[in-house]
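Below is one structure, written out as structure tokens; the observations come after it.
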Amino acid sequence: MDKQFIPRGLRRTTFGKFMAWMIPWILVLGFGLYAIYLCLAEGLFHTNMDNRFAFGLWIYLDLTVIALGAGAFFTGFLLYILRREEARAVINSAVVLGLICYSGAVAVLMVDVGQPLRAWFTFWHPNTHSMLTEVTFCLTAYLTVLLIEYVPIVLKNRKLRQIPRFLVFEFQLHKIMPVLAGVGTFLSFFHQGSLGGLYGVLQGRPFAFREALGIWPSTFFLFVLSAAAAGPSFVLVMTALVQGISKKKLVKPEVLQFLGRISGSLLLVYILVKAIDTLVWMNYTSPMVGFSAFEFYNAGSFGTWILVLEVVVLGLVPALLLVNGHMRARPLVLLGAALMTCCGVMLNRFVMTIQTLALPTLPFDAVLSYMPSWEEVATFVAVLAYGVLLYSLSFRYLTLFPQEKDIRQS
Amino acid sequence: MDQGTQKKSRYGMLIDLDRCNGCGACMVACAVEHNVAPAEHKATARTGVTWLRVAPMSNGGEFPATDTIYVPMPCQQCEKDTPCVAVCPQNAVDVDPATGIVGQVPQRCLGCRYCMTACPYHARYFDWWDPQWPKGMEQALNPDVAPRMRGVVEKCNFCHARLHTARTKAAAEGRESINPADYVPACVEVCPSKAIVFGDLEDATSELAQAVKHPHVFRFLEKLGTESKVYYRSDKQWVLDKAKSLQTV
Amino acid sequence: MKLTRRDVLRFAGGSVLGALFTPIPWKLLDDSSIWTQNWSLIPPLPRGPITTKFTHCPLCSAGCTAKARCVNGVPVGLSGVPNLATRNGMLCAVGLAAHHVAYHPLRLSGPQAFTGKDDGSVLMPVTLDALLASLGPKLRAVMSSASAGAVAVLDQRPGRAMSRRYQKFLSGIPGSMYVVSPSREDGMLGTLRALSGSPCGPMGFDFENTKTVLSVGAPLLDGWGVPERMQVLFADTSASGKTLMQIESSQSRTARGATTWLPVVPGTEAALALSFANVIFREGLYPKEIERTITDFPRYRELVLRYHPHPISALTGVSPDTIVDTARKIAGSPSIVIAGADPARGPLEKSTEILVAGLNLLLGAPARSGGITLRREMPDVDAGAMPETPLHRVPDHSIGLLIMDGAEYGESFPTSLLKRKMVADGGTVVLLSPHLSARSASADYLIPTPSPFESWEEHPTPPGAAAASFSVSAPLLAPRETSVDAVRFLGLLSEAIGTGTEGSTSPEAVLRQRSDAIQSAGRGTVYAPDGAEGKPVSAFSNGDEAWQAFLDGGCWVDEPAAPARSGRFSILGTLTDDELATAARPRQREGAAITLTPTGVRAAMSSGSISPILSKIFQESDLRGNSGTALINPTTASQLGIQDGSAAVVRSRKGTLQVRLMLDPAVRPGLLQAAVGPWPNGTSGTETMDNEGVLAICEVQEDGTWRFTDVTIEKA
Amino acid sequence: MFPWIYEFRWTVGHIIFLGVFFTVAAVVVSTVVLALRRSKKAIADPRREALQWTSEFEDLPAVVRACRHQLSGEVKERTCHHEFDCRSCATHPQFLARTAPAIHAAAEESLCGISMPLDRYYHRGHTWVKPEGDGTFTIGLDEFGSRMIGQPDAVALPEVGSAVLANGTGWTMRKRSSDLRVLAPIDGVVVEQGGPDKGWYLRVRSEGTEPQFRHLLRGHEIRPWLVRELERLEYALSSDGIGLSLADGGELMPDLWKQSPEIDWEGVWGSMLLQA
């Protein structure tokens, strides 16, 4: 029925089966859209956020998906700037993943703010000292870049490419892709950093506050590094996941190993810097403002285990596994380590967003707890469903893995 | 009114915690003054809007060796590196250099709540609901303060509307500076136990400038270096210890 | 030169382009963008001339002087009047928003009646005529039949000129009763009057001249009496040189502010009082003349000597040394002993009240400076007052038809107490109130009286005041057409039963009569609210002048009573030996049961009677509990496995209650303090009526008290 | 954002920040504008056919892009990087020099009943070109193509006088609901239109220089190529999960699609006609 839209030479499941996969996600998306409608039309009281937990699941989601979405910019950087041809096998998939992550994040952000219609005020009255301004500017610009990067992939659809105009435009666009990749890298560097800076500048939150290097707090650089490290891992994990779900081989094993190696090396650097940063914070930054760093880890259920888990178990361990060629060659180890890398970065974002807000500042504050409302979870899941839908559509009708047909035919 | 010709002021407060008995009159007067809407049915202590909040602080002792004081917590009007000002993406928060008052422009606020996470005093409040007054009550609203819409952040501004009124009066009477008696925030005015002293810290002769020199005067989270202008005083040692000590969870 | 169309277009295009490089379009865009953010959803602000009027807060018996800021004559803000000679010029949290009450969503829109009270009846709007047509025959029936019970008026704001009207109305009905609220702050003074051997006028506390106050549970620093007066005298005792000693089981706000706090085991206050007396007796610290003036001195002495501090210490949890020190302290200086309780907790047990009141007699406090003053009666037109019976002292099942007025003052009591006083079939209850409340559910007929600030209000002597006082508030708002004031209602009722109307028919005229009475009595001083010197009443040449002074917000304060010798008293009153024996015994606790005790804030125990804005302190902060919250000690909570803020079900023999438990180390372990708080902006009429809150599960004891109830707590 | 708007400050940070932002925005916008302008130009240019082929070629599976010398077994593995245009390939002449062209006595190559006369050159998109000796060249669909597609429902041939470009669109055919683009094997100007019934589709004249056939298959290359193409066809059909027998009694059946009309024939035909 939709066969004429499926790229030639690729084997895709029947339309019926495809719809059977899509419909549940469409329902989930619809449910999430209802929750979003409630939040937009009636107010944010539908969430379980409050004046003390002013940021919740959504901001966590934003920070996490943007960190993972870094795979798009980093793969582009590897391919177009560093000319690593291995990356070509996953670039289209990475662009779609990046687009999903960023557009999802921006959509959730628009629900999260109290007055989304005023979002443009940030451009009109920008406070250039605010990390959020930097994030907003870079995010919008980079989302535009991602959309432009997505256009050629769409235009190469079997039906669309029959229109000569599209094919030619795609061709021209593709030729200047390195420029866009360069711009994307630049923007990503800044907004990943600014997202880190978002919390690092919070002088009033000693748990998050970090020393400044130049005009940016250290978290700026930590976030850039960790996102660059997690991005390839996420692309790796997602590729493996799609291979698993579609039961097809999509890329050559060398490609995954290449991604793993890049991810591992960057993660190793990140962990090193993170360790130094943590030590400086514990011994200097935090005591300076009157808080003993370990006090933070006595609060509620946040013990020092969370630090060990983040830095060692989900940081150092996967980094060592990934840089070791022998370990990396085992597909399960490779996948596991990449997954751990992603989890480590997710945990880092959790600590920065949720733990920071849960911890008390005033002497009569209590440790707060926060449990997202169903509307928040539904919105979260809607983004997930949106991602699955967009990716599934792209996977079915567009060429996401150029190696796929070659692997089949060889 | 030309701000340039005005004398620079730094308005501040000193709250005597030993006098405060937690009656809440300041909170109610504040809400009435600033046309804060009554709570929605589901609002709680964590979603309510109270520009000034009185929070109990316990010495942590076991019964009967227990003691509790009440800490009125308005915006602390931080002066240096004001945490909320730097973070606002669209310049909806500013510090008035002429008064030292941290102002909030609700019409420009995006409602991102970044300033709320930045504020260590939790003195900022978000309008989670549409403001709603019982039918007819709008005629009992204070004509000097515009109500805020849903989805923005609001906070104490030391009754800026009263400052404006005092300035208008001064201008009408041909004075360059306002009469301090004309500018008294609502919470200060109504406190039945007269626990709050308000004034200009810049004016060394003011009651406030004198009173903050007392050794039992402190500010919360002083080490953060925000140079807040709301001072507290207590003669109880445990209060001083708790306010100054490292945080104990 | 010829202008072509092309030239014009080029000029226009060029202008537009040029304008882009000027600030004009940008600033315009900016201004309009900000302007568009002024939503139409937010209400327009009132505009008009701003005026200031002096009035008095009508929400409780203190009647504090207030300054109203008005726009178009409508009050938009209230503030206190500091440094007033009468020392009642600072408003409390509830009073500061009194001008909102008229707009409360629970306002009654017209007369309403329950149709068929017992079989799942519903409240229906009725016309006033229909209401009277239905009520009149019932009233006549009760009047004519002895078995149908008595006609009674429950006046929760006694002492008004209106109260006199009720008394006059009742005096025409044989067997009728004039009932007052069970929990009155100056209830102990009533007890003292009852102990007097000879007829005795009203009494007050001479706090100004006293040195030491021993308060047995009275919330002196938390809205008791005239709040500002208490604040000035006792909030900073180091400045005033006074001592306030608070005996209370938990650390209340008063206990915190007091010089010393004696944490006492709940229900053992009587034993503690006897133990103080024991020390005073053994050390001979009492004035010797009381041996003559107290009629039952030997019996008292014999009783007291059994209460040595050591055994009593074990009973009450107060150390022997503290008992001895406290006794010496109250005996060593002019001192007052007050018995009282949190306004929601109701009256003390009769024996406790008598034994605590007795300490005053033992110390020779009556008619002494710094002790208990004998106050003059307020000048009045209608003589022949009826005796006041507190509701809990009314014989059970004796009231056939009850008219309730002043319930909006919020002094609450369990509905079960009211039910018990009504005849078996429930009788007929008429409630005069501007709004719906939990009390409305007990009524058959609801009369919508004008709301505060719409009505003519009078503020007679506040509880515990040393001298009589009186002030008037003229309405600031136009009353609703459907409102029926009490004077008119009483007139209509009199007409309906054929006794005819007497006297003035408007509330204003009723107040004017009292003003005239004060003027013609010629005593005391009227203090203007602007802080000017008081003007002696004798200086008013006629009633109009005095009335004008009242309309301007003046407050009349009576002369102090002429020094009088205290009469003879019976210190144990009618207490029997059995009663005395049980009075000093601690409450029997069943197993591991928790003791529930209600707590509340004066004038704020009902949702409709206060401003919705009070959600700020009752709902939007942890400052005061609302009707869904209860405080519990962290130790007790951890024994029960309960966490801060968690929901729980409290179960007593009377029923169950859902609460949110808040941990507070100031609450005595084993005690559960559940708030009879309001839900200021949160409930609909039916919810308000159906939800009596914690009082619904409080057990009313034989003597009509409900201080303590054994409960169990389960996690919800 | 702009000078004279509230909160604009002439501070270094402000200027740098906004400067960088506007630079980025300008780069992004100009990139897109540039791409649009270039494509507008390209679409008007007849060479867009070449562009199209370049783009298509890149997306062909690696197997399809195998070098002709790999097909003929001269080299083990080699992928074409010249868009099947051996004219611009530097290695092609070396191959030619290395292996002397085998002389083929036979007049035609036949495999599975497909006969491919060797008097002509074959394009890998299943067209042939035959010099007519009078300076014109006939172009037609080879037997493999005809059998696979069968009788087309409609054919749209370029007008006489219009130019065709090697690897550009030769003509289009409509078969069932599929539009098929057949690639032209050489450059030329159409002088006569043929049709499926005539056995040829176009007669072209070469403008200017004599056409070169270096990029087309011939002689000994035909058999291995055909073998490969049959494999491809089989594979393309298997994409639909249908194991279709190509040959009946050793012959590729004419009107192959009739065997199983429900499958994605457009996909199969297109991929055999070198469309990505």
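Order of writing sets the chain letters: A, B, C and D. Residues in each chain are counted from 1.
To be clear about the criterion, a contact is a pair of C-beta atoms (placed from the backbone, for glycine too) under 8 Å apart; a residue touches a chain by one contact, two chains touch by 3 or more.
Keep in mind the model is a prediction, meaning the values are calculated, not measured.
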Contact tally winner between A-B and A-C is A-B
Going by C-alpha centres, which chain is most central here?
B
Using mean CA coordinates as chain centres, what's the subunit A-subunit D distance in Å?
40
From the mean C-alpha coordinate of subunit A to that of subunit C, what's the distance rounded to whole Å?
60
Quick one: report the Å distance separating subunit B from subunit D, using the average Cα coordinate of each chain.
75
Among the residues of subunit D, which are close enough to touch at least two other chains?
5-7
Give the residues of subunit A touching no fewer than two other chains, as numbers and ranges.
115, 118, 121, 124-127, 129, 133
Residues touching two or more other chains, restricted to subunit C: which are they?
30, 37
What part of subunit C is in contact with subunit A in the complex they form?
30, 33, 37, 644
Partner subunit D, residues of subunit A touching it in the complex:
3-4, 6-11, 123-129, 133-134, 137, 141, 144-145, 148, 156, 158, 161-162, 164-165, 167-176, 179-180, 183, 186-187, 215, 399, 402, 405-406, 408-410
Subunit B contact footprint on subunit C (complex, rising order)
34, 37-39, 41-48, 50, 71-72, 74-80, 90-94, 96-97, 99-100, 102-105, 221-223, 227-228, 231, 235-236, 251, 253, 256-257, 261, 263, 611-617, 619-624, 633, 635, 664-669, 680-683
Touching residues (chain side subunit B, partner subunit C) in the complex:
19, 21-25, 27-33, 35-36, 38-41, 43-45, 47-50, 53-56, 58, 60-64, 66-68, 70, 107-108, 130-131, 133-143, 146-150, 186, 189-190, 192-193
Within their complex, subunit B touches subunit A through residues 40, 42-44, 46-48, 55-58, 71, 73, 81, 83, 86-92, 108-114, 116-122, 124-130, 149-153, 220-226, 242-243, 245-249
